[in-house]
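In the two assemblies presented below, subunit A is common to both, partnered first by subunit B and then by subunit C.
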Partner chain A sequence: MNVTTPEVAFRDYQIKCLASYISADPDITPPNLILQGYSGTGKTYTLREYFKANPDLHAVWLEPVELVSWKPLLQAIARTVQYKLKVLYPNIPATDYDPLQVEEPFLLVKTLHNIFAQYKSLREKVCLFLILDGFDSLQDLDAALFNKYIKLHELLPKDSKVDLKFVYTMLETSFLQRYSTHCIPTIMFPRYEMDKISSILVMSRCGELVEDSCLRKRIIEEQITDCTDDQFQSVAANFIHLVVQAFHSYTGNDVFALNDLIDFKWPDYVSRITKENIFEPLTLYKSTIKLFVGTDDDLSTNEIAENSMNINGDEPKSSQTYELSIISKYLLIASYICSYLEPRYDASIFSRKTRIIQGRAAYGRRKKKEVNPRYLQPSLFAIERLLAIFQAIFPMEGKAKSGSLSALREEPLMRANIEVFQNLSELHTLKLIATTMSKNIDYLSPKVRWKVNVPWEIIKEISESVQFDISDYFSDVHE
Partner chain B sequence: MTTNKASLPPPVNLIPIKRPSNEEVQDTTSILKKRSKDQEKQKNADPDFTSLQKRLLQQLNGTIPISEKIIFRYLQDSQQEIDRIIKQSVIQKESHSVILVGPRQSYKTYLLDCELALLQQSYNEQFITIKLNGFIHSEQTAINGIATQLEQQLQKIHGNETKIDDASLEKISSGSLTEVFEKILLLLDSATKAGSEDGDNADGSSTTKITVVFVFDEIDTFAGPVRQTLLYNLFDMVEHARVPVCIFGCTTKLNILEYLEKRVKSRFSQRVIHMPQIQTLDDMIEGVKDLLTVRLEVSPLASNWNDTMEKELSNPRSNLNRHIRMNFETFRAFPVLKNCLTPLIATSQNFDSLCSAIKSCAFLELYNTNQLSNSLTGRLKSLSDLELAILISAARVALRAKDGSFNFNLAYAEYEKMVKAINSRIPTVAPTINSGTGQTTFSIDNTIKLWLKKDVKNVWETLVQLDFFTEKSAVGLRDNATAAFYASNYQFQGTMIPFDLRSYQMQIILQELRRAIPRSNMYYSWTQL
Partner chain C sequence: MGQLNEAKKMNVTEFADAQRSHYTVYPSLPKANENDKHIPFVKLLSGEESETNVEKRWELYDQLHSHFHDQVDHIIDNIETDLKTEISDLLYNETAQKRRCFNTIFLLGSDSTTKIELLKDTPSQYNALIELTPKESPNVRMMLRRSMYKLYSAADAEQHPTIKYEETNDEDTDFMEQNNDVSYDLSLVENFRRLFGKNLNMVFNFKDVDSINFHTLDSFIILLKSAFKYDHVKISLIFNINTNLSNIEKNLRQSTIRLLKRNYHKLDVSSNKGFKYGNQIFQSFLDTVDGKLNLSDRFVEFILDKMANNTNHNLQLLTKMLDYSLMSYFFQNAFSVFIDPVNVDFLNDDYLRILSKCPTFMFFVEGLIKQHAPADEILSLLTNKNRGLEEFFVEFLVRENPINGHAKFVAQFLEEELHITNFNLIELYHNLLIGKLDSYLDRWPACKEHKERLHFEPIDTIFQELFTLDNKSGLLTQSIFPSYKSNLEDNLLSWEQVLPSLDGDTDGGISESLDKVMAPVVGQLFKLYREANMTINIYDFYTAFRETLPKEEILNFIKKDASNIRLQELGEAPDAFEKVSLILFMQAIFAFENMGLIKFQSVKNYDLVEKCVWKGI
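Presenting the complex of A and B:
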């Protein structure tokens, strides 16, 4: 086996297997090879290292995720294979075949046949590896597609000098298991464990972090002069270990997430480095402990958060405003109440004339349920109920003095006017309120049932923004 | 050859079969490391060994010269049957149609290829093979596929002579589908002419017809619910065409005859060959022996190797034998065995290490471990503590729910409850409440951290990605490209529901979690309601 095996940390077995399945000799290379492993397990990296270490193996890389559908994928294969062969053998005259003509799997076979036929004059058989990196990430993936690829080699001419070998990497075991009866050689990439992850990160990131400009700047600012490169390395390594220990349970064994956290927290960490604590990891840790307590992984932009911190000092929480009108907000609140409060309590909660019905039937006893209903799916309601509750909760401020004549002309209650319906349809378009049917809705039809499509956390924020205490309505049942 | 004792893997009795502990894996990985170092040392291995190794790998990959191809004993009956039919149609110019039925990887195509290649040696130019695959060709494109292959093959037979007598031959694959199909039929019908041309340079007989051999892989895809025109015409040709036609169909469907329409079925010869399966362990061992026995002329080491291997195979207590038995009782398939033997042979550095590798079969253990490393249990073991806690909480909720479904809110509430319950039982220091901010701070932090709901959402997504949960009403992978195309434009209800309320179902239940999670784990006690 004339292949060299590169060193990839914790992937010895996989490299060995690659070396035994992928070689320059087409006779001892199986036509299909699968590498399976979840995201961040080093499939692509290992494969790239392998091909880097063996420059005599010719590979074509394609990423199905970029190609969206099966047809562009076929065309890309024809295009790249043709191009690669041209680059490899510039001395052999080759006619160009239009890759866009490949509109069917069988046309790919035909085109490849034609392309390979031009290289008959080659002295030896060569392997050309076609690597489909992330096959199951193709957007329009279907179950029949993979069958086409694994059987493609059977239709290619046996006597051709160029032998196309397929290497697939894939994420899902469930996808792989569909094709297990084909017995394609498979190399699994298990997920890393915590200690492996941290040593990988130290290996891959340390140098980069030390070279980072923010560290340089800080060193100059703090006039840290008596520090060797090794010591900087150990500062960075220490930081990586801290991040891994603090956030491993949050990120799991996801290298990418940890990398992001490292990138995200490194400048802050560096800004706490002083001349004194650079050699004392413990004091440095103590001064930066805030970084490691929370993920600070927020969707709201950092600038706003920082500004509000500067201004208010102790109130970093920025309140989301949700660009909705007052009417919309109240409609949303009303619909939340509709979805999560049982209708039989409506009379007692919203009616100003109490005791229309006498006795317990008037309000019922609100029993605490086993499961907080707020955690469950919203229930459906009719639009009349929504409008009624909306009317009950919407605050109408009379401009005129109470008791004056003009006060009589003012409406005591909000009416369901055109504005309200406009807002309602807007909420529906925003998918904050949903209906049972999704197309051609007649908003006024009594057959249409509605439900709120917003979770408790957001409705709470919205009601706070209009100073409406929605938790009051739920308080005696669930906290 | 020097015996490198250091490179020998440890004796096998130290490694019990089914005890996936970490030490064992490390043990075997250290072997690998040692081997990789060996490789660097012995870059220039001796040529005898390399030729033996290459030969073995070729045998495993099925790429040795045709005359030496390995046909397992249990396959020989069907091989003879196929052989007979092919010879009848190529030599005696009869028309036939056969369907081979057998599971995947049961050597259907292999046998056909083998026989065709054998005939090619002695009866080249007397037949054309046209291969179609139901996965790659649809019923329409198959016609074009046949036309192109006819073109290519005829070109080969006629050599570079551009003049082809029949004008319609020139571009068989041009024109509309019906035109192409007509041309094909016409060509096949009148192929006597084309055949007579090169009849002279074949074997001197007066006129030789060229037999057309069709090999249909996945023939069931052509036997769809509508019309089956292609099969009808081809089977009809078997009956009526003047040119001998032989049709081989391969399929995995046992009830393939039920797929065929009446008019198609009546034209089919009804000859179905069921691929034989491995019946006994002896068949299997015999097969492995065939696979691994090397001809003596390949390498001077061959006889030595054959002896070693035979000794291992005949000893019922050897590791190799045990692995074959394991395969026999589970997969009962040679391809699986081939897949794991390939790296075993390829990673060996010299003859001694190869022999010891086949004796210990330590690599096969490693291979099996690796194959299972991304299974549900494997993934479970790779979870971080928070991920595991959330998974268990979700499983608890799912077990309590009537329909086994749950959502993020419920799982988080359960997690919160469980963590609070544990923390309240930790007696050390009472929490002190900072009256200023209302925040609870612990002076000594030995409680379990309760992660925020928004942080746990990230964990939730990881768990969904790792296939522990499946969204309710989610439709799996579509069957074909058309369905996938429609699905990409279709929003199902689930995508509209807010993240917290989407309902999911578990792929693993609490009882299974209890068995998979080690007792030493902090959350083991949670695995019981």
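Presenting the complex of A and C:
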């Protein structure tokens, strides 16, 4: 065993395992090796460090996620293996095989046969490690595919001087468990714990944050001169600790998410640094506390700020540029009601004349369902019902005084004119309302059934924007 | 043989035609005589208007209309160029480039027709625009292959301009066979520098993002992410969104959102953004009619209302409404000819009679009486003695309209001195008309200091109702936004309004007496339909219908018509009336079904029909 083991924080055991499985001697190296661990557990990093520390081990890296499906993956294997061998042994003449010919697994075997046959003149056997990084992130993954790979070594010539060894990294244990009977050596990468995460982030990010241009600018602006590099480091480290502590419950041990949050919040954090508080983490924290209250990792942050400004200015209308029109909103609300309220309640809920129907049907005892209808599929309805409910809920404010002559001219109810249908078809193209048929729809045909395609949360948002209390209508039915 | 084939073909199309459930019929318009210019305007003043005046009216309208449209076209052209520069500014803003992340642009309210203009390629950099439609993006594999194919063929065509690439059908997935040396995956991006010797700047334009499967899109973005490994690659993503950002946000993974958030811009491309272009169009309309026409507050309010109801095609709608109002004004108002004061020569008694009944004029005269003005002065105004009224009218013709001027002034003041651009000129104009400009301007605190300068008191000018665009008869509401189902109902009920009147020409003779007592069959049935319950027993419906038919007249009619022998035979039968009424009933019922007024409850049971129209919907 003549391998060197690099230092990787918190991964000593895994490095040791790698060292025992991956070596230059093909006879003691297993043909397949699996590294399992969820995203952000350091599989790739550890593996890279390991191969960096052992330059005499030859590795070919492939990322199945880039290759999308199995065929390009096969082709990429043929291509990269051929290329790597050429680079390794430029003195040996080799004919080029077209990797694009590899369209089936057996063709890959054939091509590899041909390629390896050219290197028979090598004095001793060599290992070529083929690393498939993130094998289970292939788009069209199926159960049979992995079997083909783990058995591939059995099909390759035994006497070949080049010995192809596979190393897979995987995210899901459930995928791995299907192949447990094959007894492939597996190295597990457990998730980091919170304190480990913090120290990893401090190690990897501190230098970068200190080098960041926004910090430099701020230092010059605030004329902070009496500050050593170590002190800057501690400011950055402190910031990282704060981020981890504040958002750990949101991100879990996801290094990437924390990294993103660090990136988003660092410029804002830096902009609060002053000459006074740079040495006092507590005051700095107090002045930046807003940063740690919310994640702000959505796209509409700026928008919310704009909106709140508008509310102050008593002018919500001016920002409604690409929103739905009022008619559309009410149509959507009406269609939600249609989909989630039973038609037999319609008369009692929407009719202005109460007790058209006698008996229980009139007041409609509304029993709470066993399953909240919100969890179910929206039910289908006819367009006439939608329009009727739309008419019932659409507010028509008469401008004329009641009793005056001009009040007679105003229509008491919303009429479905061309605008309503325009808005309806707009909603349909936006896929907020769906129909049963998708092609060549005659919108007005009674045979077409409609349904709402919007969840409760959005409907609630929409109805709040027009001051319509939709939850009233569902008070007895939903929770 | 060929002829035979053709004949067969004809039959097939005819057969297909016969199978259609509905037809679209375009009435053939009477051909305009090319020698004399056909004017679609009719003579007004109960037909007393002179030929020349009609012509003049038409010319004036034509002039204003084309002037207005020239300007609108100009404005709309500008929108395109404005947008293009804005997008390429964002795309190539080098200072905003951050390390290893996408340069993302969200085009909000976009209809995906925006063309993206790329910079010219430099020797060191190749710019590629890759457009992906939802149809081209069924899954990640196809998205990747299509985009890489587009990239390769574009770059290769540039390098070897002689090789022509055949237009490959999008459905055809076998790109491979054409170019055997390239595989269409990210390795192309990886090796781009080696192949073409240039850096690569890719711009992905995702069209109609809302229709792309979000899971696929998400995976594709993650896939593209791995191209950041290569230093020579820059990737920009443009998303054409026609819903809103939160919809995108809800559907993509949070980690992807974070990735996009690192460097993103939002651009509202719906042309109603910030009222800018709407204001420009309205302004150009005001300029067009300035000194000639006024706009009534009702009309402006109507425009505002309708624009609020339509979010997508606001500018088109605005232009359409202004257009229509202008047209209808010239069509119906005989006085429109005097917009060009030269035409005053044509002023005659027919006009003056109406003129003296103008409310504003009468109000003015009333004022004169109250002020004890000399009696013969008033009389000369009222009776046009010594051309008194005529001169008075001419005097008012050339009066400037202060409202338009002030609106222009306020708009300019807001924009140039206070740098406020988010005002709606139409809303401002409306408030100006109803005298509430002050409260409208209160929205911007900066206006408070200039209140005195901006203040305006609306005034009535005499004869203004003759030169005002209005929507008082609801003409605009009805023609641009018809509520067609209630129109249909109204017409079925009072069919006399829409069918040619019977009093005028009586040519047929035979059916005349029948027409007088009986409505068209559908109308007749509709009266019953209105009174029925939700579900109608079809036999009851039929009996009721039969009872309402005028039996005698129908039988007479059948017997009288000598041209149709079959009908005569039918008339002989003892149950002739039952048969005829059943035929009519069937006719009407199926017409109703086609109109969407009723539906049969199920395929098997024809006993009941269900109404599917609520009153007035």
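Everything that follows uses one rule, which is that the second predicted complex is superposed on the first by the 353 of 479 C-alpha atoms of A that agree within 3 Å, B and C clash if a C-alpha of one lies under 4 Å from a C-alpha of the other, contacts with A are read in each partner's own complex, and residues count from 1 in each chain.
Simple rule for what comes next: a residue touches a chain if its C-beta (ideal position, glycine included) is under 8 Å from a C-beta of that chain, and two chains touch if they have at least 3 such contacts.
Values in this document were obtained by computation on a predicted structure and should not be read as measured data.
*Asks:* Which partner does A:C183 reach: the first (subunit B), the second (subunit C), both, or neither?
*Replies:* First partner only, subunit B.
*Asks:* Look at A:K431 in the shared chain and tell me whether it touches subunit B only, subunit C only, both, or neither; answer first, second, both or neither.
*Replies:* Touch partners of A:K431: subunit B and subunit C.
*Asks:* Per the contact definition in the header, classify A:D140: touching subunit B only (first), subunit C only (second), both, or neither.
*Replies:* both
*Asks:* Of the two partner chains, subunit B (first) and subunit C (second), which one does A:F106 touch, if any: first, second, both, or neither?
*Replies:* first
*Asks:* With both structures fitted on chain A, tell me whether subunit B or subunit C touches more of subunit A's residues.
*Replies:* Touching more of subunit A: B.
*Asks:* Check whether A:I28 is in contact with subunit B, with subunit C, with both or with neither, and answer first, second, both or neither.
*Replies:* It touches subunit B, and subunit C stays clear.
*Asks:* Tell me the contact category for A:F239 with respect to subunit B and subunit C: first, second, both or neither.
*Replies:* In the superposition, A:F239 touches no partner, neither subunit B nor subunit C.
*Asks:* Under the stated touch criterion, which partner chain does A:V371 make contact with: subunit B (first), subunit C (second), both, or neither?
*Replies:* Only subunit B; A:V371 stays clear of subunit C.
*Asks:* On the A-aligned overlay, A:A257 touches which partner chain: subunit B = first, subunit C = second, or both, or neither?
*Replies:* Both subunit B and subunit C are touched by A:A257.
*Asks:* For subunit A, which residues lie in the overlap of the subunit B contacts and the subunit C contacts?
*Replies:* Residues 69, 139-140, 257, 297-298, 314, 431, which sit in both footprints.
*Asks:* Mind listing the subunit A positions that touch subunit B in their complex?
*Replies:* Checking each residue of subunit A against subunit B gives 1, 5, 12-13, 16-17, 19-21, 25-30, 36-39, 69-70, 104-107, 109-110, 113, 139-145, 147-148, 151-152, 154-155, 172-175, 178, 181-183, 185-194, 248-254, 257, 294-295, 297-298, 314, 371-372, 374-378, 431, 434, 453-455, 457-458.
*Asks:* Along subunit A, where are the residues that touch subunit C in the complex?
*Replies:* 63, 65-69, 72, 75-76, 79, 98-100, 139-140, 256-257, 260-261, 263-264, 297-300, 302-303, 313-315, 318, 321-328, 382, 384, 387-388, 391, 413, 415-419, 422-423, 426, 429-432, 444-447
*Asks:* If you look only at subunit C, which of its residues touch subunit A in the complex?
*Replies:* Subunit C reaches subunit A through residues 106, 108-109, 139-141, 144, 176, 180-181, 183, 185-187, 210-211, 219, 222-223, 226, 242-246, 248-249, 254-255, 257-262, 264, 266, 268, 270, 272-274, 306, 308-312, 422, 424, 443, 480-486, 596, 599, 612-614, 616-617.
*Asks:* Would you pull the subunit B residues touching subunit A in the complex into a rising list?
*Replies:* The contact residues of subunit B facing subunit A are 29, 32-33, 35-36, 39, 53-54, 57-58, 61, 63, 103-105, 109, 131, 133, 135-138, 141-142, 144-145, 148, 152, 217, 333, 335-336, 339, 342-343, 345-347, 366, 370-375, 378-379, 382-387, 407, 409-410, 413, 437, 449, 451-455, 458-459, 462, 465-467, 477-481, 483-485, 488, 496-501, 503.
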